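As written, the chain order gives the labels A, B, C, D and E, with residue 1 at the start of each chain.
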Amino acid sequence: MITAILTRVGYALVSLFVITNYGLLLIGSMARISAKVQGRVGQPVWQPYLDIIKSTAKRNSISHGVMFYLGPVFRLAGGVGTYLFIPAVFGSALFRNFSDSGDLLLVMYFIFFGQLGMALGASEGGHPYSAIGVSRGLAQMTAFEVPFALSVIAVAIQYKTLDITAIVAAQQGGFLHWTVATNPVAVVAALIAFLGMSMHNPFSVVIAPQEIPIGPPTEYQSNLLGMLQTNRAIFNGAKLVLYMNLFFGGATSLPVMVIKTFLIYFINVFVGQAFPRLRVDQSIRFFLGAPTVIGVAGVIIALL
Amino acid sequence: MMRRYLVGLILIGLAFALFPLLRQAGVAEAPGPLASAYLENSADDFGAANVVTAIVVSYRGFDTLGEVAVLFAATAGVGTLLTRRRLGKAVPPPGRQGGTEVLETASRLLAGLLIMFGAYIFIHGHLTPGGGFQGGVVVAVALLLGLLAKPDAQVSHRVMTTLESLSGAVYVGLGLLGIVLAGGFLDPRALPLGVVGQLFSAGSIPLIYSMIGLKVGAELSGIIDALKGDRS
Amino acid sequence: MMLEIAIIVAGVLMVGIAIATILTRSLLVSVIMSGGVSLLASLVFLLMGAPDVAMTEAVIGSGLTTVVFLYALSRAKQPDDEDAAALASPPGDDTDGGQP
Amino acid sequence: MVNPLYLFAASLAAAFLLPLVDKLGRRASLALVYLVGLAWLAAAVSWLLALVQGGVAQDFGTAGFMAPLAIVLRVGLLEAAGVLAVAAVGLLSAAAMHASLRQAPAGGAMAFLMLLMGLCGVILTRDLFNLFVFLEISAIATYSLIGFDDRRPALRSAFKYMLAGGIASALYLIGVIYVYRFGDTLNLDLAIRAPGLAGAAGNAALFFLLAALLVELKPFPANGWALDVYQTAHPGLAAMLSGASATALLLALWKLLPLFGTAHLVIIAGSGLATFLAGNLAGARQRYTRRMLGYSSVAQIGLAMAVLALGTLFKLGSELFLLAVAGGFVLNHLLAKTGLFLLSAAFEQAGLTDAAGVDGVDVVDTVDDAAGASAAAQPARRLSPLALAVAGGLVLALVGLPPFPGFWAKWQLVQALADRSRWWLIGLILGGSLVEAFYMLRWLGRLVAARGAAPVPTLRLGAGLLGPAVAAVALAGLGVLSGVFGLTGALDPKAGSTLASLAGEPWLWAPWAVAAVLFLLDWLPGWLKGLLALGAVAAFAWLVQDRLDGLRQIFAIMLLGGGGLFIVAALRKPGSRGGLHPLLAMVTLSLGAVLLAETRLGFFFAWETMTLSSWLLVRRGQASRQPALSYIVFGLGGAFLLMVGLAAGGFDSAGAWPSGALASWPFLLALVGILVKAGALGLHVWLPGAYAEADDESSGLLSASLSKAAVFGLFALVLSRGIPGSLSISLGAIGGPWLWRALGWVGLATALAGALYAVWQEDIKKTLAWSSMGQIGYIILAFALMDQAGWTASLYLAFNHFLYKSMLFLAVAGVIQRVGTRNMYEMGGLIKKMPVSFLTVLMAIIALSGVPPLTGFGGKWLLYSSLIAKGWYLEAAVAFFASGVAFLYLYRLIHSIFLGQPKLNQSGVREAPLALIAPQLLLMGVLMALSVFPKLLLDPILEITSRVFPPTLGFSGDALVSPLGYWNGTLTMIVTGGVFALCLLWLVINLRNSQGVRQFNIVFAGERPLRPETTHYAWRFFEPYRQAVGGLVRSRAERFWVLVGGGVSAVGGALRRLYTGNGQTYALHVVMYVVVLYLVMGVVL
Amino acid sequence: MKLAAILVHLNPVAIPGALLILIGLWGILARQNLFKIAVAFSILGTGVNLVILSVGYIRGRTAPILDGEAAVASMTDPVPQALVLTAIVIGLAVTALLLSYAVRLRSGGGGSSIEVHGDEKW
């Protein structure tokens, strides 16, 4: 019993370690690619490592209260937890994580765990920009969840289950069995939602990274920022893995996972480079428009 | 204008309701069974020659008691409404004088006669036409005469009130006597019936009618009194 | 038959006087005419064989009622013309005060 | 039996001698009046006793003769009861008029005696012409009395009254003489058998009789004169007219009823109904108390009249049944209206009338109404609790709420009409009742003075309160008797069994009993009352525990447990907190009663008790006048629908909805009735105001517990027939799936709209109120799934909602108490001042939003699983969106209050009092336990639902397994906890020498803000969101209901324009009414 | 012949009675003056009395008074007479009261038109 538990915890830690590093590298490489696209030299691929190390090494000198500290904890726990509830590699005991805690619904809702905690922590910072960022983020979130939920429903209809492992299992046997092939419409909806979810352009007004330090992390610095940066890698990875599992046939081995998630992420960044940023109300209306219709179409296709 | 036509229309409507009833009722050929029963029995039952009186005072005497009560209630109302305090004392128009000596004396004489006449009417109610109401009014008229002749004359309230109260009470008492001594409330057979057509006949009917007469007379003069503005 | 004709004549007269009563502007005239209607009614009652009622109607309907009316009119300081809208002056010792 | 003639003789002799007696002093004459009244009372009581003990009705002749020749009086059961009522009302009225009678001339006392006797005569006589005489006696006595105390407006109305009365007398005489002509008798009993009256001629003759009587009964529109009299006469006299006079006339009508043919009955019924409706509609637009009471009076008499005629027309039941129902209405009306007019007399005596002799509705509390202008000059005063209770009892009785006689009568009437499928009649009657309830309760609501402002002196009513109190007590007593023994039980115990009663359900009285006791103890200190109330709830729960099956047990925890929590919370403020504890206990126990009810009547009784008590609780709030009014109006409207549904259900012997009938409209009506209470979209307009404006602990009780009673109602409605006897449901019997799909969408729309509205509120309690509505929406949606998973979800959601909404309201109550405002943007940064409250809110919003690992996620998981399994995909998507929206307002809630920059003026704020914190801690503990071990809650729920439906959900180990997926709450909790601990560890390791900064140490846009406390970003927090999706919620329902209300009000306004104040016009109305009736009769014939 | 039958059937007392009722109502409904309305009321009352007594009208019969020679068979119906007696007195009572109110309304400073005494309404 004890050994079984210890084994699982150990596996989970390994899995976590892998996804963290992968996530960091992914971010780094994407930044580099973006720079190339824009004709800049860009940062080195390992820049995220440097950022985290630098941040963590700094002395934390500001305290706004308990909740302020707990914000990054919630955030990171949210990212880690989300990942741990998803089976990362199909059929692999090592990467099974704790996916027996619950099905797809658990994952979808656990995503909010970190966001909520972050929002709370940021609020205690008392900076109005944080609150503004949260208000924008939440508002946008309600909107992009609709196409995402519709595509998830389409998947559930198609495979008659919400168990992620079972969904992946049903997609085995070649490209034609992947959701992207059987129900491409739903996947389109899901991918559009992903743009909003990862707050990339054109839906990046929530954090507005370039002009001013705005958004939830406004007041965070040093080691707290380091935690957030770590989370960004894990959380990104978790979401990518989820998408891969739902729509792209999952992965039977680590390399397959790396390739697939990289490609999914690449699409994202690519789109982000091509479109200007939207205001919050615009993006809400956008998500509730075409993507929702596409999502409904996906559901209908799944029903047929 | 609108209203005038509306009133016309409504009256036509009411006529539409009323006249068919009249036509259907027509003129009766003979009294119905109830009327016949009254006509045939009143002499035997009460020894009253005047059937109407028999009905008014005995058979339907309860109605008449109620009727006296109505008049009483109205008197109470008029008396309440038109007190001197509320209405103000009547101010005689300037230039009017009291009657002459002759007029006063004559009217006093006449009043006495009228009161006697009124009393006659109600005492003979069971024999001849007329009765308490008619006699009572005559009594009231006698009083009125006094007022006309001498506008500022004060009728003795105490006497009038006492008369009114006591006659009413005696009326009710006679009714109760009917329960005690005879078949029911207001049954005139409490007293001996006598022979039909004589003055002292018909049991307590003459007494009752007298009381009615006194009471009605007092009440009516009370009303006139109040209208004149002499009620305190 | 004569009786009936007399009744009908009295009836026609009654109706005529009654209409006149309503139409006339003078209150005094209308009061007296309504007394006349009552008097005619008492005549009809007498003709129908109802002497009791006839007496009552005569003394009460046409006699006392008319008197009561006349007293009331004089008490109310009511001008004779029914259309006269003049307000009566409040009585001198009216303790209610003169509300409008 | 005593010969009534003695009493007449005594009355008359007394009256005749009164002028003499008066010489001894007015005291003596008034003593005589009271003596005569007492004599009548005693005689009536002796008759009643003799008759109830098996005596038979007895006739009394006059002049030694009986029927055809002489006048006959009859003393029967109803006559005796009528005389009793007249004498009792007479004595009360005389007492109220005592002072005036002493000052006015003696004629007043004489006229009063005459009136009393006349009314008794009207009741007792069996002779048509004698009836006329007595009608005239009472009429002329009334004319005299109207002017007796010399109020100028009364003089005017007396003249109007006399015009109408004179015309009616003429009509009556015409009728009576032709009845004599065709029927050859004046005796009523002989006339009933007279062949000559059967034909067309007899019909026409009877018509005049009837028309005269109807005019005296003040029908619409020929009743302007009556309204003026009610408004202007001495209120004691108005009581006499509305109570005694109307009763006597109704009894006269009842006596004559056998004379009349179908056409006449149609006229009576139609006229009565029209009067009922028009009177109530116009009554809703009245400013003056007594005129409003007059309209209500007219309407009630119309209803009683209509019931009498309808009973015969439609053969609604035995004569006894009819008498019970009509009698119930009349009794209710007569006592309530007498009491209210006497109360108005007491107000007048206490000096609340202004100089012009016009009493304003807003005599006590003039805040915001135009009508207040007339009373504005008067210093504000408030009613004593006793006076308020009396007024409340009278109004509630009038409106037909339990436990008063009108409630039972209404139930019986609706039941009987439903049995004969007279739906439109039910609609008319209930519609009119609702309007009446609206304006009467509005009036009552105004009597409650606003609290909180400077202390207002109490109005001294003194002995004037005695009459109303007697009426109220009599009403309550008779109501309880009717409830226990059936409606006629109070009158005739032998007949009790034929009518529905609560004989077998003594528990349903518990709320009333406890509330009564606690009201009597209201002078005790608050903590003691709180303990007593808690004890009462606990004792109730302990006593009834074995009557609760599984479903009821779960609801009992939510309802009774919730009540207990909020009673504890009520200890948060020191002082007596008058009225709060009794009401809290009453609401709680009424919720328990809803659970316990076993019969349909019992269920409805408990439901109305709940509606009523919760309304009182809402009204106790400070600015709750308007919200409380819409709460009770919607509550009553919903209750009426429920009543019709239950009455018309056509249940089989087992009490189940007949097969196939579930989709039929009775079920729908009952469903809609319950949805009103649940606050479903479109029927929710009462909700935000009521929840927001009630006292803070009361809001919590309403939102967390009372709304669950509505949920229980849903289950009860489907599980059987009104009331669950056993947990069984036959799906075949449950109509088309479209119904449930539609209900599902209603729930969904409610959920979405509730969430969206909540997003844009600035008022913290409004936010919670809307949120509550949204959450109930999910519960309805899950309920509508009609399978095991759905019902499991529904019950689970309900329980969770109870938990976290209680926590939120408790925490928010503390915040409001400490901060003194409900506007969220006026708060901020309270986390340091109120950490426990913050923790509560934090846990509650995590649970509410459905984020794992707390219990809320279980609800979401169950909901989506069951929705998708059922194939309701679109619903699932919308639900997902709605639950996303919930994040917005939840974040807003916690951010605006507890986080961000604190306000300078709130630096002295402390943590909430222990009375609020303790229940929060308890609930937090429960929440945590259920989060770690979801089985604790899910096992009993699954136990219930799998007995009703084939199970699709089940536990496999710790994991709950559905056909689509699984959820292991325990493991989720462990993993989350582990990860969280890990992250926390990292943080702790990393934290070095951190330095606390002052809260306002912020910089943005490169500068330090001049007034950093203004940088709390809280006002119009989600404005961009409104720009984006605000179009979804444009208060359409509110506008619809405003339109409906406006329409009703406009109709009432138009109707009352008929009453021009011109006596001649009123006379015109009378004649026109008669002509129209004649034409209608012609059509019917 | 037919006409004669109809005429014979018509009640010569009831018709003027009914007409007086209508005239009285007309006066009540169309005249503004309080006292005039009271006059109209007394006309209405007279009409009603006529109608009541018309029911007891039997051609060729005498007063119901037994004075030796008069046979019971030749007497009219006494009942309506008894009723009318009551009605007349009640009519007087009502008239007196009506007039008292009119006097009070008038002397209280108001006009004598019924229109001005309509402050309570709606």
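Following the convention adopted for this analysis, contacts are C-beta pairs under 8 Å (C-beta built on N, C-alpha and C of every residue); 3 or more make two chains touch, one makes a residue touch a chain.
What you are looking at is a predicted structure, and each value in this text was computed from that prediction instead of being measured.
Within the contact network of the assembly, the step distance from chain D to chain E comes to 1. Shared contacts of chain A and chain D, meaning chains that touch the two of them, come down to nothing at all.
Among the remaining chains, the Cα-based centre furthest from that of chain A is the centre of B.
Ranked by how close its mean Cα position lies to the mean of all protein Cα atoms, the top chain is D.
Chain E has its Cα centroid 17 Å from the Cα centroid of chain B.
Distance between chain centres (mean CA atoms), chain A to chain B: 107 Å. Annotation: 99 Å between the Cα-based centres of chain A and chain E. Averaging Cα coordinates per chain places chain C and chain D 55 Å apart. Multi-chain contact residues of chain A, defined as those touching 2 or more other chains: none present. Each of residues 3, 7, 10-11, 14, 18, 25, 28, 32, 34, 38, 50, 52, 60, 63, 66-67, 70, 73-75, 77-78, 81-82, 86-88, 129, 133, 220, 223, 227 in chain B touches at least two other chains. For chain C, residues touching at least two other chains, in rising order: 50-53, 56, 60, 64, 68, 72, 75, 90-91, 94, 96, 99.
Those residues of chain E whose C-beta lies close enough to touch chain B in the complex are 8-12, 14-15, 18, 21-22, 25-26, 29-30, 51, 54-59, 63-68, 72, 75-79, 81-83, 85-86, 88-90, 92-94, 96-97, 99-101, 103-104, 107. Contacts from chain D toward chain E in the complex involve residues 129, 133, 136, 140, 143-144, 147, 152-153, 155-159, 162-163, 166-167, 169-170, 173-174, 176-178, 180-181, 186, 224, 227-228, 231-232, 282, 285, 291, 1056-1057, 1059-1064, 1067-1068, 1071. Residues of chain B that touch chain E in their complex: 3-4, 7, 10-11, 14-15, 18-19, 22-23, 25-32, 34-36, 38-40, 42-43, 49-52, 55-56, 60, 63-64, 66-67, 70-71, 73-75, 77-78, 81-82, 86-88, 127-129, 133, 196-197, 216, 220, 223, 226-227. Chain D makes touch with chain A in their complex at residues 829, 831-832, 838, 842, 846, 849-852, 857, 860-861, 864-865, 868, 873-874, 876-877, 880-881, 884-885, 887-888, 891-892, 894-895, 899-901, 959, 963-968, 971-972, 975-976, 978-980, 982-984, 986-987, 990-997, 999-1002, 1004-1005, 1012, 1015-1018, 1021-1022, 1024-1025, 1027-1029.
The touching residues of chain C, when paired with chain B in their complex, are 50-56, 59-60, 63-64, 67-68, 71-72, 75, 90-96.
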